[in-house]
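One chain, chain A, appears in both complexes that follow, with chain B as partner in the first and chain C in the second.
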Partner chain A sequence: MTDSKSSKSTATGTRRIAIDPITRIEGHGKITLMLDSDNHIQEARLHIVEFRGFEKFIQGRPYWEVPFFVQRLCGICPVSHQLAAAKAVDQLAGINQLTPTATKLRRLLHFGQILQSHALHFFHLSSPDFLFGFGSDPMRRNIAGVLEKYPDIAMQGIKMRKYGQQIIEAITGKRVHGTGTLPGGMNRPLSQTWRDALLADIENVLQWSKNALRLNEQIHTEHPEHADFAMFHSNYLSLVDDTGALEFYHGGLRACDSGGTPIFDHQDYCDYRQILREEVRAWSYMKFPYLQQLGNDRGWYRVGPLARVNNCDAITTPLAEAARRRFKAFGGEGPVHNTLAYHWARMIEVLHCAESIQHLLHDNEITGTDLTAEKGDRRQQGIGVIEAPRGTLFHDYTVNDEGIITKANLIVSTTSNNQAMNESIRSVANQYLDGHEITEALLNHLEVAVRAYDPCLSCATHALGKMPLQVELLDAEGKLVHRLVKHGGAETRV
Partner chain B sequence: MAERKLKIATTSLAGCFGCHMSFLDIDEKLMLLNDRIEFNRSPLTDIKQCSPSDIGLIEGGVCNADNVRVLREFRANCTILIAVGACAITGGVPAMRNYFDLRECLEEVYLNGTGVTNPQIPSDTELPLLLDKVYPVQEVVKIDYFLPGCPPSADAFLQLLVPQLDGQKPQLAADQLHYD
Partner chain C sequence: MTNEANKAIDANSITIDGETVPFDAGQTIMDAALAVKIYIPHLCHYPGLTPAGNCRLCMVEANGKSVAACVTQAQSGQQVSSNTPELNAARLSITQMLFVEGNHICPSCEKSGNCRLQAMGYYLGMLEEHFHQFNPRREIDASHSTVLLDRDRCILCDLCVRASRDVDKKNVFAIAGRGIHARLIVNTASGKLGDSNIEAKDLAAKICPVGAILIRERSFDSPVAERIYDRQSISDTAMTEHVPRKEDDRG
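Our next item is the complex of A and B:
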């Protein structure tokens, strides 16, 4: 067992084991287990330990700055944040309809983002679990190990991610944290040079996406035991387009119950405040969202690739649609609830991205120069919702007459999976760890369950925490820089 | 004879992972580097505690007691410690909260937030102590090099690391000294 998978006994005879930090995910989180003397699991929790405070510190800033601040919550899906904020900003600027070129550029940008993020998640972070085994040597269980043992697979993943990043660079000027959106449009056209360069590689990207999908289909058919891993029934939430098809950039909200029956459908996302609430729990900085009409006990739901592929009636591109049908057939009646099927659904989406990118690059309007719509009457509230790689993302801003932000609310995708991730680790803890001697290999099973959601805990923690006791911050010379004093009731260790 | 691989540890403190993403933007060169470097503690590996390494890359500023602990762990184990990106060097966007009182920020999110049920400020002992302000890393430990940018480009990472493979000092071309 590695050191920081630490274990210590408490006065009551229960033993605490912490996996801290959870690795091969984006962001900061830890898992704690409480065990009795026979190693029976008393409690298993995923804690989100980091904070930002975005909702507060964005107050007082002009609204047009928001897309570029907010993307710095997350360097893995900055484009998702930029686009969700941009959609809200369009409303604040009184614009209902973008030009065809601007809409297509934003969609292309978003497909590039989902492609790179999904490739990163599967190849760089999760594939070692599947290629080497959940309990394999932890020193090799990483991308460097995959590069050595399976160079072809690793290189395809690296090149797929690269392609997505190049789309982002072509449209925003930089691969991470570029600029692209303006209130009501985009700030530069796609050059013919970039378009040609991207077209030159698209056939390869399609082939690699097919390979990635095949690899995932294989993993699931060859490992029937994956079906029960962290498996439980849940509700699902996602956007769908007017026809009920898979949609990433703009659509209505659809929630389905665990049998696949709609709870609501084609809901205008601007009404999300009537639909969703978020519960606060003392042990995590990440809130627990739920569907108001079902209450906090039964109303939690899952978002992301599994939710989207389960919820949609079709996918508009042929190869991904065929893949969706195979996925459905595998699951039988109703939604696929297997947590590890997130990876499979993710690769179906990768293929859809590659097909859609090809389609958009062949569209002559994509290099058009009519990029901004006329501004309308300014509004006081703007709500932008998109499907980020990890699921439905909500941005909500209120401004005053000067266009200064007075209130902000974000529900980031990973937050919506909070309850589900906790259910998953509880399920794995009970199935694999309960009553056993706890080893590193077993503990990695818990991380595998969390990784399936591709959690981005970097942006899930835009809130600020409390200071439970005194701490001193010393500088490099040991000089006191700052001292903090407790103002809550809780006892803690530093 | 196989050369000794350069050991590199990386971590993200109060950062957005964008600097790590930009490092991965070296793309195929990751394969070439793989022969010469070995990752120690990093979000990319399952090594959860830093052991003696040649280079430590720190993304993000310092916002809580955990960040302080990890930063010191890196300083104690890394021969050369490098602050990577605007957040590590200045605090960056997370340091925008320094203009507000901590309590106000907490209340905004957990008590007065839109659609909040069970309003309370999370206070479990598992949650690390938050600092009143977000600090740049050099205010907490000694830093050997600073790599600016938000994020630094993939080329900048290569210019920083490749000379060190041969025991040389890192060189940064003037066009890589940018701050966006």
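Our next item is the complex of A and C:
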């Protein structure tokens, strides 16, 4: 729904377009486009206008409470925050090695989380753009429209998400914001009843995942115009395992440049402060991380499915590995830089999750009852890093001698994609808005670019959000000449 | 009730919400009610400890007079009203006040699911806090190796004070100050729990109805759906609560 809309030029001929709020993303964002007198995009900014301050108010709390405190950052990926914090808490409790069952339960939980989050993002939020077209009728361009016209696709997406949530419920007791992790382990085993129930549906989930992947491969191979949409070259950052394969739960950091050449590899994530820096800009609550080695101009990078599939040497499950090879072939064996290929990579990961879940459920240790490791000497710093659905997630906590948090630093996946989202907006704005009348369809092109990253602005500013988009058009002097506010419906108000 | 009906009641009985309830000499209204499985909401009462009448949730009307059931002796022929809309509304308000006076953030509190204040909120149908939050910033005492004291969650029920003094025989805790300035203190020169002789096995370390006194690093070890109030209402658990008796100690 567009709340306000106007278009006029200033005396200097420059204009400012603002999309506010952005829809079908997690959180509340605002885009500002600054046009010069020739109607060229001078600058594009994605403003994150929410602030929560989790890093501050976690201070003073006992360290073992942290995983359940910080999981409230998000209602979509709380498991990611719980697991990243739990890994940090393991270190704080002096635990280096979990029991095999606890490790497998955490991995199963993480696969379930990524499966449900990716399914939610593609089917509920993004599939309407691809199935109906970026500029199609906004009344239909939503999950309800997909349900009406493509009921099989929509229902498969809904069921895939449900399955991921059932895994979360089986392990944490609730589909959203359960418990589960303990310092050095897990708080309950997976019951045989749950295991049987999950196994009963896994073949369907595998088939739906293959269908979703095939749909994405078709979207990209049959629509070459998508290749140039918001396309730009970038560095990529992700975790990989010891062999260089795709890894979500635990591994070393790998950064590659736009040609696919490693900038660093198998870097211990506990040393992240030596390789990453965060820049603060006055107009956004979201920081701008960059690779210290390359500086803030050239060191920004992308994270998430595209980065992970580009960076890894292999995927450990056969169907996803075959899909990765097709993806690499599409990119000429180098990194795929197409922003919309995020969706494709996301569905490769969905298939990997489904295969991995099947593998873990057939592992008899998954129902073991040896769940916690012995605590060791407590440490004063704990750093947990995982691959959340949206990308690499850093949790870093410092405690005092009494186990009370004195400092916390969170680098959330969406934060890492901050500069990249700005670049995508600028690219799309130059292609679609420059010199044109501002329409809802054109604004949705901007949203499609941002949406590809599956940004969670609530997580990134550590905010409780609706999902709106605000776009403003500014003249060269910073005066507002045009503003659009959308709330997710289809109604347009001037 | 008519005079004739009153005469029919046994000399050692009262009525609670119209139900005849026998009592032994010296029993309180609360004791008599619990003995016949009638629940009168309470937070600061724990059978086996001397009642204190602190939380005021057990306020009932006895012969038309407002009294705290936990500290008022039952008297023959007493007519007690407890489960009435008016009294339950008052209990709800008291519970809401207890919530806003401290930092009871259930989503991140490890006592959640095992917390009597939270369970009371559910029992009374509390849907919001109603009053403005105090957002206190009281000192958290993490100086002890096995017991943690988070004063922001203390509801001043004084159960820990009585348990430590009367059962553990250690006298670790006390309530200092009055009214809005009342606060839980530790009876050591430093005022720190770490300098006290409290142990994790002590009743005082385990009896806290909220998340103010916790055994350290147990974290969320009770899985969701297996916590006390996932399985039972507070009105059910109250029927079996009692401090360990000597015969329990003998095993």
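Going forward, the second predicted complex is superposed on the first by the 443 of 494 C-alpha atoms of A that agree within 3 Å, B and C clash if a C-alpha of one lies under 4 Å from a C-alpha of the other, contacts with A are read in each partner's own complex, and residues count from 1 in each chain.
Keep in mind that, in the parts below, a residue touches a chain if its C-beta (ideal position, glycine included) is under 8 Å from a C-beta of that chain, and two chains touch if they have at least 3 such contacts.
The model shown is predicted, which means the values in this text are computed figures rather than measured ones.
Student: Taking the superposition on A as described, I'd like to know which of chain B and chain C A:62 touches: first, second, both or neither.
Tutor: Only chain C; A:62 stays clear of chain B.
Student: Considering only the touch criterion stated at the top, classify A:188 as touching first (chain B), second (chain C), both, or neither.
Tutor: In the superposed model, A:188 contacts chain C only, not chain B.
Student: Go through the superposed model and pick first if A:177 touches only chain B, second if only chain C, both, or neither.
Tutor: Both: A:177 reaches chain B and chain C.
Student: Mind working out whether A:155 is in touch with chain B, chain C, both or neither, as first, second, both or neither?
Tutor: The answer is first: A:155 touches chain B but not chain C.
Student: Based on the superposed arrangement, let me know which partner A:278 touches: chain B (first), chain C (second), both, or neither?
Tutor: In the superposed model, A:278 contacts chain B only, not chain C.
Student: Once the shared chain is lined up, is A:404 touching chain B (first), chain C (second), both, or neither of them?
Tutor: second
Student: In the superposed model, does chain B or chain C contact more residues of chain A?
Tutor: Larger number of chain A residues touched: B.
Student: Quick one: classify A:93 as touching chain B (first), chain C (second), both or neither.
Tutor: Only chain C is touched by A:93; chain B is not.
Student: Hey, what residues of chain A end up touching chain B and chain C alike?
Tutor: Looking at chain A, the two contact sets intersect at 69, 72, 174, 177.
Student: If you look only at chain C, which of its residues touch chain A in the complex?
Tutor: Answer in residue numbers: 107-110, 140, 142-143, 148, 150, 216-226.
Student: Over in the complex, which chain A residues touch chain C? Could you list them?
Tutor: Those in contact with chain C are residues 60-62, 64-65, 68-69, 72, 93, 172-174, 177-180, 182-183, 187-188, 375, 402-404.
Student: Mind listing the chain B positions that touch chain A in their complex?
Tutor: It comes out as residues 12, 14-22, 24-25, 27-28, 30-31, 34, 38-39, 42-49, 62-66, 68, 92-94, 96-97, 99-100, 102, 104-106, 108-110, 113-133, 135, 138-142, 150-151, 154, 180.
Student: For chain A, which residues count as touching chain B in their complex?
Tutor: Listed in rising order, the residues are 2-5, 19-21, 23-28, 30, 32, 45, 47, 49-53, 55-57, 69, 72-76, 78, 120, 124-125, 138-139, 141-144, 147-148, 151, 154-155, 158-159, 161-162, 165, 174-177, 273, 276-285, 287, 296, 396, 407, 409, 444, 447, 458-459, 462-469, 471, 473-476, 481-482, 484, 488-494.
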